[in-house]
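Next, two complexes with subunit A in common: one pairs it with subunit B, the other with subunit C.
Then we have the complex of A and B:
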């Protein structure tokens, strides 16, 4: 391996502390909760304390280790001549993403104490959340593709278990299967990339690969294939077109799980991996990513405009927002992508938890039936409004900084062209679907206020919505001047900012004064088409699922009626041959023997005729013989 | 100590003791079999640990003259009792001992004629140990055939309703392979000379060296007329041996005995069949086919790899269409053993190490899977997937083990199945740029098999275990479908732990196999290429 850039473990003890508390504690929590049945409150406390311990280790042990290019390697196993190592990377990016994951997961677990109250198998719920968390933390820290793949898949498994947590609910167990299978398609891309890179570089350590790529930049063909393959994995995990179909269905799981999947773990994994591995990507593949992500941005926001299920709206919005992050990477601006990843995590988690509170109190997910929540639970609704403003990208929110940054970076890179205009249009569309949702939830002013607002519900939502505001990231509300984030952004011209804000405001006003947008005509074909996600699901069912099942059935038939029949046929043939030879043996060979015996017998019988016992006959015969003899001699 | 002999003869001694016991002592038969299994596992474990301290070459060698007959004009018949293990066989030996123990514990369902059952069981155990230890071809063949007999009766007497058909099918298939193996073995005997004594020998290690073949013998590399039906005899020898072992593994299209044997066999016999017997196919291909005929292995590697890929995908598709849980798992075995074939065909260290890992991992997982099927079959005597729905309701703990076994089988990282699959595929992919034996597309196609694997396992989980509980047998089944018993925990917990352990620490196996396999790959390649050149110049094919 490249010793030159691999720091040997100096503060080994601290690394051990990091892993002991940051990694082992949640894992132990997972093991403990999945094995034992405990009281509900105890389970909750176990989960929270595991997370707090992990958070503690992050701040106390991990933070001092953070440097750019700080690697720690632990050898794992050896095969052929290659050492497979577990490489940990502890840089700033890693630290900020970890902080976000910790905070969001902790909030989700707090909230689950309220939302999942009196559920059966609650210990399993928290166990899976801890597994989800552990896998995600590890995925963020490791810097070796083989090990990444392991946690990449474990993230997928945990999401499978959580989406299908209510395992008697038919729609949920179909949704989790779908999520896992689609992610599996992506995983094949990941595996293919591992094959290609290992074959090319004989290592899977990312920092070693990076050095090798820089040393010999003419390995391009394998880089094309590897980056294209891993792109499949990324867009499958991050729910981008054409692999986005699992995400809206994943809404069948408990709402706090959705918050986790959308903000802190699952879909973020794809973006994060791309951040780490984008050095591999040739320009052409980045261009492909640019168009794919732009398509997902537009598609997500258009589908979100006509949905009535609050969680579905948020799901499509995630597809769209993740698109923004990938778009930023595709134009070469990883820092902006990271920034948007962080800001998105907080407001999206806040939105989902607030939506969870609305759903929990009203037993409905339809925004037309949740119309009184602004009066019913005003505090939650305020938080929800702040998070919505962040999603639209209004000033004073953190997402304003990140989203504006991405759009501006696109313009300053390639000027005024169709892709950038579409990007601006998507800002408008975002504003439209968010304010549509907001106006619906704020429609009924007569609802009665909820009596009790448990702290476990209120606190996480409020904290997350406050974390969506600008001052978490910047001291300047209109430009990123960070106290801690080592991200540098271009200064956005005032006119540009003004244009963006105007665009967003226009969207809000459009919804307010256009009833068709607020309540789209449900019998309209186009609306129906968009509500059903352009029937992409049905298309996949028809093009992939059905033919595969058909093929399986045909092969099964062939196996039984051709391959096995052949064997049975050979056996039957052998038996038939045996019967024939038996017949032959009896009738022909034995028959021949019998025939000879018969001939002998018949001949004997013939001779016997002569044996009459009368002297006259013998005498006559003797005379005849002598006459014949005499005739022969003379 | 003659550890390997102890491993082999311990069960035989126990079988003799069992035979002398009265029928009334039936209660002790199973504990005896379990104890023997545990002792074997401990011995094999000790050998494994000892080997790890210096993982090089063959160790624990035992070599004695066994049969020494003067055959007049034919010369002498020399058969050695030659046992030794290396990084290839030791892991499989340990696996076999362990699986036999589990199978003995799982034999609690056997009611009919226990004396005969356990005697045959122990005889089988001895034969299996012998197969993995023997380095004399004749001795190997003796053990190989010795396996057949108990297995035939175990399926044919203690199996399901269609057991006689399944047993005879299994028997004939295997016999078909081994008869031709016998021919090749005799041919090899008369071709190979012991370099020390100058006499013919069955020693496999001598058969692996081209220098030991007498000139102008049937299998000589340096003979200019070693053609049969206008085809190099060595190639025919390879094909014949390969078919014999391909039936055992089994590959497409020689696989149809397996689903029938599994469906009819009782649970413990299914466990032995999938957990151990299939591995003998993979072991035989590596040790014997590739070891003795390296040039043919290289020459046919494309086709061998193709067979592997087809097995992977074909097996997976039929598993997807299967309606009987046991049949589904049987076909998934075919699919998983396809990875072994593909890894071997790649002739890279990654691929072959991966193949060995896959064999051991599959040994553990198939044991677990068939045991899990046995658990519900024992309760309600049904294993149609459609007969169950929402099994997680009455049997949550059982479902937990099913989830572990299914996800390990579909290759979830962190569990053992992943490492084997990943490295056989890495090897298959690498092959194109190292030795140009397999096209890259093979690895990619095989990866599609993984995807279908995920599909049938998840589909089964969703159909059988999740959803609202609803069973074919209605109320009656609700009473019968109780969660796991203590014995079942005793079986399942170690299996699950091993799966996790191997998935997290693959070095547990790779440390033992890596040196052996690196050397093996190197030698197979060097000898194979040299032999191929010599044969091509002499035989002009």
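Then we have the complex of A and C:
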């Protein structure tokens, strides 16, 4: 099988392939922006041109090379008998996700020129975005777990750097630390999975692993462990329960960053990895994933219903929508998950960018204070409405096709049961929180229209909202008749579609005629409970953070009083030894030397007595010598 | 009274002792030199006396030896006196205790 699908390429084409990877230009852009200090406008142009060049190479060089199941392998290094390779994927899934990433990143960078105007350290901002983009593109393309891990970490780092971009803001720093630490937990799972899989299969190449798994399906124990470990990585990166807590806090970063990283691209890295590796997952782990993702869907939409911060609503909505994707994978429908991933990326990026425009013009994130934006920026608000409709899943939007597809797939797989009913309920909840947001933003009809609508603000929002419409993906608004995507969808019965639409409409009407939902009573215990995210943060604080800090304090004490004391003791011992040695040297060795000198001196003195310098003494001595000589002779 | 070799030796010893005392105790270099000369003369007396006692060879040999010794010591004394003149010019004294240049 390996032989059959390896596509032989001649060296020239390989070079072309490498340039076709498209991340060369953004990487250069990142290096350029990191090294030089430029004017704000120049920085923006550099970032845009790097992305446009990348987009160009994607369409012109990469697209013709794309075939189903195509990949191409570069040997990286060899340790003993193990050959480590970098495998680059060039299949349809890869191409579509790359296109989405390119488009969204380009739009976000365009929008950043408006949103981040006159910010400090703007070149760092764009440098991080380009770094993130490079890593994300590479993460999508490589099909080798070790190399994936490197880029997995890199996107995490870029996310960390960008959440904390406003580094003087205390809450932003806390948020990026939290995101980083929770992602580290997931990374541990990833690493563990890498170790287990390498131990089992002696390769980290996903194609090879897939072949080996199909050949010998009886090594299930290690597969359980590996898939459970990688599941931790996936739900941490994709912000699913119980690792979702970092995503709402990550909204402390600049809004375009939230649109790019925490809605459209990085958080779907987990889903994408799962798409690639789902062959590994035993049914039991898939079932666990199913319940986890269903819980995340419901939890995200319920929390989103009571939030007042527009970005937090969107963050919880992201958790919920990613839950839909993971749910689709857990019921074995990877194609639908990919479809929803793409549609979600567009409408969520549009929502975030529109929210960014509202926030930027009104200096507030509270939907109750943003009530005039429908009149203030009508065009942006129309785009926002389109994207909202996509999020709810109304017809004529692309997300209608994907979301309905997922719900229908769930029903056609397991019929009418509690999980599927909950899924439908979550569709209703989604409709409720989205329309609550919409009605708030549309509340004040008296606001004055904004005079200047910069193109850098309007263009990305409009393009992304248009990309959330059906005709990007299908020529039929009510059924997916794919134009580009090779996705096979069951034909959804008309009654089912009608039911779904009715459910969504019911949600909208419910909000319109129920003021309690529009403005939940803030003193209500339940509302407070939900607004604080069910106190999960506080629970983690109590269960994990505090004991760890206590442990750290104990370790610190141990370090100070035991380890340091030991070290100090050794040092003191050494000093004492040195003192003894010093004393010995001074008193005994020096004494001995001095003694010899003294003896020599005394002898000298003894002889000195005779050397009086008086002639007569010398004379006497000579005579005495003479007498002694005479005495010897006789 | 019969004069034996013992008498000569006693005279010689006395002369030597007187010269010895003078050489060591006088504070005048010239007198010290006279003391030394006395000791040399004591030795010469011994030589003459022993020459008389020896009956085996020519009796004049010992006397000739004594004459040589007298001449040589006279030469040595002449030289020493010349040095004494130089010492006096240099140190303005001929007290041997005050001439301590030899010490260093």
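Quick note on the criterion: the second predicted complex is superposed on the first by the 540 of 634 C-alpha atoms of A that agree within 3 Å, B and C clash if a C-alpha of one lies under 4 Å from a C-alpha of the other, contacts with A are read in each partner's own complex, and residues count from 1 in each chain.
Quick note on the criterion: a residue touches a chain if its C-beta (ideal position, glycine included) is under 8 Å from a C-beta of that chain, and two chains touch if they have at least 3 such contacts.
Here the structure is a predicted model, which means the values were calculated and not measured.
In the superposed model, A:623 lies in contact with subunit C only, and not with subunit B. When the shared chain is aligned, subunit C comes close enough to touch A:615, but subunit B does not.
Judged by the touch definition given at the top, the superposed model places A:78 against subunit B, while subunit C stays out of reach. Once the two structures are superposed, subunit B and subunit C can be ranked by residues of subunit A touched, with B on top.
Contact with subunit B, but none with subunit C, is seen for A:199 once the two complexes are overlaid on the shared chain.
Comparing the two complexes, no residue of subunit A contacts subunit B in one case and subunit C in the other.
Residue ranges of subunit A in contact with subunit C, taken from their complex: 611-616, 618-620, 623. Of all the residues in subunit C, the ones that touch subunit A in their complex are 20, 23-24, 29, 32, 96-97, 99-104.
In the complex of the two chains, the subunit B residues touching subunit A come out as 169, 172-173, 252-253, 255-257, 314, 317-318, 320-322, 348-350, 353-354, 390, 392-393, 396, 400, 407, 412-414, 418, 422-423, 425-426, 429-430, 433, 440, 443-444, 447-448, 450-452, 454-455, 458-459, 461-462, 465-469, 505-507, 510-511, 514, 518. On the subunit A side of its complex with subunit B, the touching residues are 34, 76-82, 121, 146, 149-151, 153-154, 157, 164, 167-168, 170, 173-174, 177, 180-181, 184-185, 188, 191-192, 194-196, 198-199, 548-549, 551-553, 555-556, 559, 563-564, 566-567, 571.
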